[in-house]
Amino acid sequence: MAETPILSVRNLHTEFAAPEGTVHAVDGVSFDVFKGRTLGVVGESGCGKSVTARSILGIVERPGRVTGGEILLQPADGGTPVDLLKMSPWDMRAVRGPEIALVFQEPMASFSQYYTIGNQIMEGIRLHMGLSAKAARARAIDLLDMVGVPQPARRVDEYPFQLSGGLRQRVMIAMALSCDPRVLIADEPTTALDVTTQAQILDLLRELQQKRGLAIILITHDMGVIAEMAHDVAVMYLGRAVETGAVKDIFAAPQHPYTRALLRSIPTVMAKPRTRLPTIEGSIPQPFNRPVGCAYHPRCTEAVFAACRTEPPPEVGVAGRNVRCYLHGGLPGARA
Amino acid sequence: MTTRRTFLGYASAMAAATPAASAWAQAVQATGSVTQSGLVGKLEGPIPGGGPTPAKFKEAPQLAELVKAGKLPPVEQRVPAEPMVIKPVESTGKYGGTWRRAFIGPSDGENGNRIMASDKLLFWDFTGSKIVPCVAKGYELSADGKTTTLFLRKGMKWGDGHPFNADDFVFWYEEMYLNKDIVPAPIADMSAGGKPGKLVKIDETTVQFQFANPYFLFPSMLAGDTLIGGGQATRQSAGNSYAAYAPAHYLKQFLPKFSSEAEVNAKAKAAGYESWIRMFHVKKDWELNPDLPTLGPWRTVTPINTPTWSMERNPFYYAVDTDGNQLPYIDKVVMTLAENIEVVNLKAMAGELDLQERHIDLQKLPVILENQDRGKYDVHLDLAFNGADTTLHVNMDFRGDPVVGKLLGTADFRRALSMGIDRDQMNETFWLGLATPGSSAPAESMPENPGPEWRKKWSTLDVAAANKLLDGLGLTQKDSDGYRLRPDNGKRLVIELLAVKAFMDWPKHAEMIAQHWRKIGIYGDVKEAERGLAFNRLLKSDHHIFVWTNGGTELLYLYSSWALPTDIASGVYGIEHAKWYASNGAQGTKPTDPKMLEALELFRSAASKQEPERNKIAQDIWKIMVDQQFTIGTCGQSPALMGVRMASRRLGNIPGRTCIAQHCRTPGSSRPETWFYKA
Amino acid sequence: MFSFLRAKGPALSKAERYAQATQLQLTWWRFRRHRLAMISGIVVALFYVIAIGADFLATTDPHATDSRTSYITPQPIHFFEDDGSFRPHVSGLKGVRDPKTFKLIYTVDPNRHVPVDFLATGYEYSFLGITTTRHLFALRDPQRGDGIFILGTDQLGRDVWSRLMVATRVSLTIGLVGVTISLFLGVLLGGISALYGGWVDTVIQRTIEVIRSMPTIPLWLGLAAALPNDWSVTAVYFSITIIISLLAWTDLARVVRGKFLSLREEEFVMAAELAGASTGRIIFRHMLPSFMSHIIAAVSLALPAMIISETSLSFLGLGLRPPAISWGILLQDAQSIQSLALAPWLLAAAVPVILVILAFNFLGDGLRDAADPYG
Amino acid sequence: MINFITRRLLLGVLTVWMISVLSFAIIQLPPGDFVDAYVANLAASGSSVSADEAAALRKLYGLGQPIYIQYGKWITRIITGDLGESMEWRRPVTEVIGDRIWMTLLLSFAALILTWGLALPIGIYSAVRQYSFGDYLFTLIGFIGIAVPNFLLALIILYTAFKVFGLSVGGLFSAEYALAPWSWDKVKDLAWHLPLPAIILALSGTAQLIRIMRANLLDELRRPYVVTARAKGLSEWRTILKYPVRAALNPFASNMAYLFPLLISGSVIISIVLGLPTVGPLLVKALIAQDMFLAGSIVLLLGVLTVIGTFISDLVLMWVDPRLRHQMD
């Protein structure tokens, strides 16, 4: 792990000015992404996973705004990392696609229905790689072939609605990879797919990672997917990474009560039949009404400290991992 | 070159009319506030027969070229041996120019018909009081009044160069008038004492109208705007086929008699008409058919049913000026279609129309005057001679509601309504103070005027007297708003005022009258209706009171439609009464009001009387009319209807004031063929 | 300001209130923040206050004609006498027609001050069965020709302000009645169309399409020309309203049908269906409330169209006819050349038309945004 | 696709038929018939027609027969291309309508293009810069466009043009060209006269379309594919123009069909005020005069034009929306 990360997110803050109040969608998230490795970002919906992804790409929509932190990208030539947040919009465009690419949750909605998939793939290629229309088309066909789309030469002229869900996601991946990015952000890439297709897509991602040494940020709410795909994990709750670390460590010994709750909710083959699947008590609070103290405390079964209700716990490193929970230290007045 | 006989006939008419004409002129000068404006000029006009026939004729340059090219016979052969010699108002003019005018649609045929008025057999001079020769160079009325002889001009030609003579009269009489397919029913104009008359050719240039009974009125009928005397342009357009003569040589080809029914029908089908009758109605209509030979100063080039109704000079026109120049001076008339009258007025003010009096709105006078210099036009106000531009025509035979019907038929009720109107207010508001308030009787200058005291009789505001009359009729109960109640059911008595927005904004007038009537406790309910629909209701006599002008009644015998129930085309005073009158009692119902009967009998008797006696009878009729208030007059003798004349400053021979009356065919009697462009 | 919405008391946090709010409440909260829409709502409300109090606000009988007051330019109300004392009054006017230009010239008579009284006695009128002579303002002992002509007078010498007040009542109610009828037709036919589907839907949709693809003016013309012209002003008024709404329901029907169809797929409706609720109950308990706000928005957008329709019809002489007073009729008076040139203040009638239509549009937009922020 | 087109065509024919029945019914609604109106008109101008003549006229026009027979006669003739004869104009209807229908189309088309040309960029701007000053400004201008009845606008402009510039703007041609056959100068003259009425006519439709465009685009701007496009590194304007605008054009195109009758209706009123030689004033006069063949033909013709407009807009829709195109296969 001495390797420098390709992408390093440091204390990222993204806010939305909603009429009901300011929503701190991302509230001080930090993590690192390494070449050839997959970082799984996990959490319930609304925890800020997708906003984090968009913040990285600089495409947070109004009224959202990145308000603080650093997103450091290691240049391909190995120079000093650059902070994406300080880049001009013009330079940032050159990052999107060739450096960092995005694969979406809903392949149907993520494509425009008015253009052929070829058109939509070629667009980025021509823009960033400066290829001719003909060359771009050839590359698009190659890409489709690479992601396992049958009859790519014919499919390239079809519209998204003519493809099945699995194929659409493959095309989406092909489009994301069209400019050879070093980081791929996959935002719930398999949620909308059936189980078999899910597995195929995950296989594809793994295969591509191995071939190209891609760094992948895999955003999901599914601990199962994490277990299967990720090398590292960041567990997010209400805009904060409550626990980060290597996947095997987290699965073996989850430290944050929330992580533990998440893990308990994965059905396993070992579970006794006819027992109820455990769920996390309570529901996620309204985003603009973040509980004071530890955001998780209203649902936490282990919130034993008074500080849980008054002050958010700081990030503490325990055994090579970071966690935000007083159970693991950081109590005000106590010595870590 | 008039013959002795015609001179006699001519002179007698003149003798009868002269005193009236001078009185007329005096009356005009005496009118008070209107003259202050300096907009009412001297009543003047061109004089037909205003000089001897010149020895030599001259023509427009274009025609001279056509003559040179051999396409036209020389002017001497085109002008009749006995042309009409017109003395223009100012001077002889020069040729050239296009008269720009506006019309508002195919139903606005009168716009053009009126400037073609010199195709009438006889006409009136510029005062509107004296019969003068026109197409006929003279006439003679027999001592017994049973025959009227017309003398035509030798060598007169149709617009296509074909001779015009007595055969054209015979053709009209036998092939058109007596043809039931073309004229389904005989017209009252052609009968005397209930017996139809005849039209007979005496020789090539002489025709005679023969009646079984005395018909002293007939020459006036010929000169008037009547079915028989209206002239070809007016009376053979818009589906009518009257006017006593027609171009036989041209129209024969469209009649079955001169080939066969099958042939004319085939011809009609080929041309896109349903039958030969439809085709004939189009072919004999000068507004529609540019090929039709006519007698007027211009002839149609593009017909009325196109966006521009345009005309060019008639090279065979029968009139010359005192220097022998063949008229008209103006080359072309171009009338542009305006979709509404606001556009007509705007165009006129912008100086885009050269002479326009039709559709010019008196209400706009201040704006019109303001723009005079910009539009380079002069404004002339011509005062009318009819009693009331706004008249309440009372339905004397309303059957929809017996209570209302009875009241409308009661003289005191009508008198009260009349005395409840504040005419000064109306004059100020709608006529800018330019009208004369009073009864519906014609102007004091008219020979048929019953006397000045009849202007005010029952026709001034007197709320107390009106209320007394209404109380006397038993209408004493009133509701909380002060309106009188019906005697039968205790509900509010409602008198409807049917009004159309046409030459004037009559619904507005009616609104004001209804307001005035509040003071006498009468609820006037204004019903604004579109013109066609309103006239439909009139035909069914399904109205209480109709608000419209009484224009034309200044010569009662020539135009009685807006005075008495004589016209079966209008049921404004009761359609059954009109049928009864027109059919001599054979149809319809006899009016029950003895005074109405008296007026109708007087009217019927007049046709057989000599002029002085006729005038006396007309005065008696007016006395009854005013005393009984059959028609309630408000304000009249104003320029409201065609009396605001906007004339380009480039035009010459424009009279200071012209006669605006139905029979003067405004602007026909000021002879548009004598107008010319000075520069 | 809107304290009734806080009835739950301060014990509830902001978020909790949002969490517990109904759809309509949420709409209202979102709407309240739309400042332009709020202002427009207040403007509309004011207009309806005028409509109710038209006669009270009028200063002169709107029908009373007088040639002595024809075409008077707008006259101010003076609040202070020359000596500085507070005594509201108007100046006496003397009108003369210029014999050369034929214009009416009014000169102020400096010696005649006619006092203006607050809540004073004027012409008599009936409102809701009460006959009264009470007006907001009136002249004390007016002579003939005196009046409070703050917006001038028309050709017949009628006070434009007073006419405008009464016209507001007529035009606004015509819109309301018309919208009610088209709302009824729209909800009924749109609902039937969506619920029954099949050939019923096809027939209704086809009918809508035919009506929508007909140029409306000819239809109005034909229908309005067919009205017997001996009908009373009231009968014509309602007929015109019905004619306008007969052509205007199609938009509402489409909105309703669309909403019905999409709601039918929603879970809560399906749940209700599965629970065995009757169709009527589903519609009225579950579906209607959930798109009530859409209907409110659609209605507020349909109203200005109604008002313009009436104005246009009256302009063509096919709508209401005098002596009825409506905005359309007032504008018809203002449209001639002489009005524009000599009495441009007659165009004052255009101001409320524009204001109300603007207000309704902003209101409708705000409501729509509030009802469906993402739709 | 062929299926779809045939279906639309058949529906179009049905619509046209319903319109023809409605037009005929509307013409028949007013009390009285053409001859009544004709006689009344003559009476008003001082001529008279006897009852016998009126009967002859009725016979001539077949007015005495039952209405369905009159309709049958009318529609049969129309199918064979014969629109009948205008009773008031005493000319074949085709000739009376003649140039005017083209002028109507031209005016409506000019207004349509203007509407689009204005509404599209302004709508896009307003959506992208939602709640900006520009958005409020354009919205306000647009709303004023809806709120000022177009006849009032026309009249004020007519008078102002006269008062300030001393010209009468009525009509689509100067006097010297009104009669002239078509020439380059006449076209130029027309081009000079056309913009003003077209702008007046376009104003209210533009305001409406801006709103539609704005709402649609706001809707589309939130869709994930916009994020996808941005994530590709496309510039903001390129993203917006290529993706959401394209999608928002869809309802825009389907709206075209309903804009057309609106414009044609509007042109009636404007044409009356400005005195334009379109079918508008002709129709109003024909209805008033109960010139049934003419009025019926015009209503039918306008209806047919609208149906054709709808059909074209369907085709356009198919062209803009590949989903529609492929569903039909």
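A, B, C and D label the chains in the order they appear, each numbered from 1.
By definition in this document, a residue touches a chain if its C-beta (ideal position, glycine included) is under 8 Å from a C-beta of that chain, and two chains touch if they have at least 3 such contacts.
Everything quoted here is computed from the prediction, not taken from an experiment.
Between the interfaces C-D and A-D, more contacting C-beta pairs are found at C-D.
At the centre of the protein atoms shown, by the Cα-centroid criterion, sits D.
For chain B, the chain with the farthest CA centroid is A.
Between the Cα centres of chain C and chain D there is a gap of 27 Å. Separation between the centroids of chain A and chain B, computed from CA atoms only, is 93 Å.
Chain centres here are Cα averages; for chain A and chain C they lie 55 Å apart.
If you average the CA atoms of chain A and of chain D, the two centres end up 54 Å from each other.
Touching of two or more other chains is recorded for residues 225, 335, 337, 341 of chain C.
The residues of chain B that reach two or more other chains are 342, 346, 349, 530, 533-534, listed in rising order. Counting partner chains per residue, chain A has no residue touching two or more of them. Those residues of chain B whose C-beta lies close enough to touch chain D in the complex are 100, 105-107, 109-110, 183-185, 225, 227, 235, 238-240, 272-275, 277-278, 281-282, 285, 288, 302, 305, 307-308, 310, 334, 336-340, 342-343, 346-347, 349-350, 352, 374, 502, 530-536, 538-539, 552, 559, 561, 567-570, 662. Chain D meets chain C in the complex at residues 11, 14-15, 18-19, 22-23, 26-27, 29-31, 136, 143-144, 146-149, 151-152, 155-156, 159, 163, 211, 219, 222, 257-258, 261-262, 264-266, 268-269, 272-273, 280, 283-284, 287-288, 295, 298-299, 302-303, 306-307, 309-310. In the complex of the two chains, the chain C residues touching chain D come out as 36, 206, 209-210, 212-219, 221-223, 225-226, 228, 304, 308, 311-312, 315-316, 331, 335, 337, 340-341, 347, 350, 353-355, 357-358, 361-362, 365, 374-375.
Residues 54, 57, 59, 61, 89, 93-98, 101-102, 104-106, 109-115, 123-124, 127-128, 159, 161-162, 172, 175-176, 179 of chain A are the ones that touch chain D when the two sit in their complex. Interface residues of chain D facing chain A in the complex, by the touch rule stated above, are 222-225, 227-236, 242-243, 246-247, 320-323, 326.
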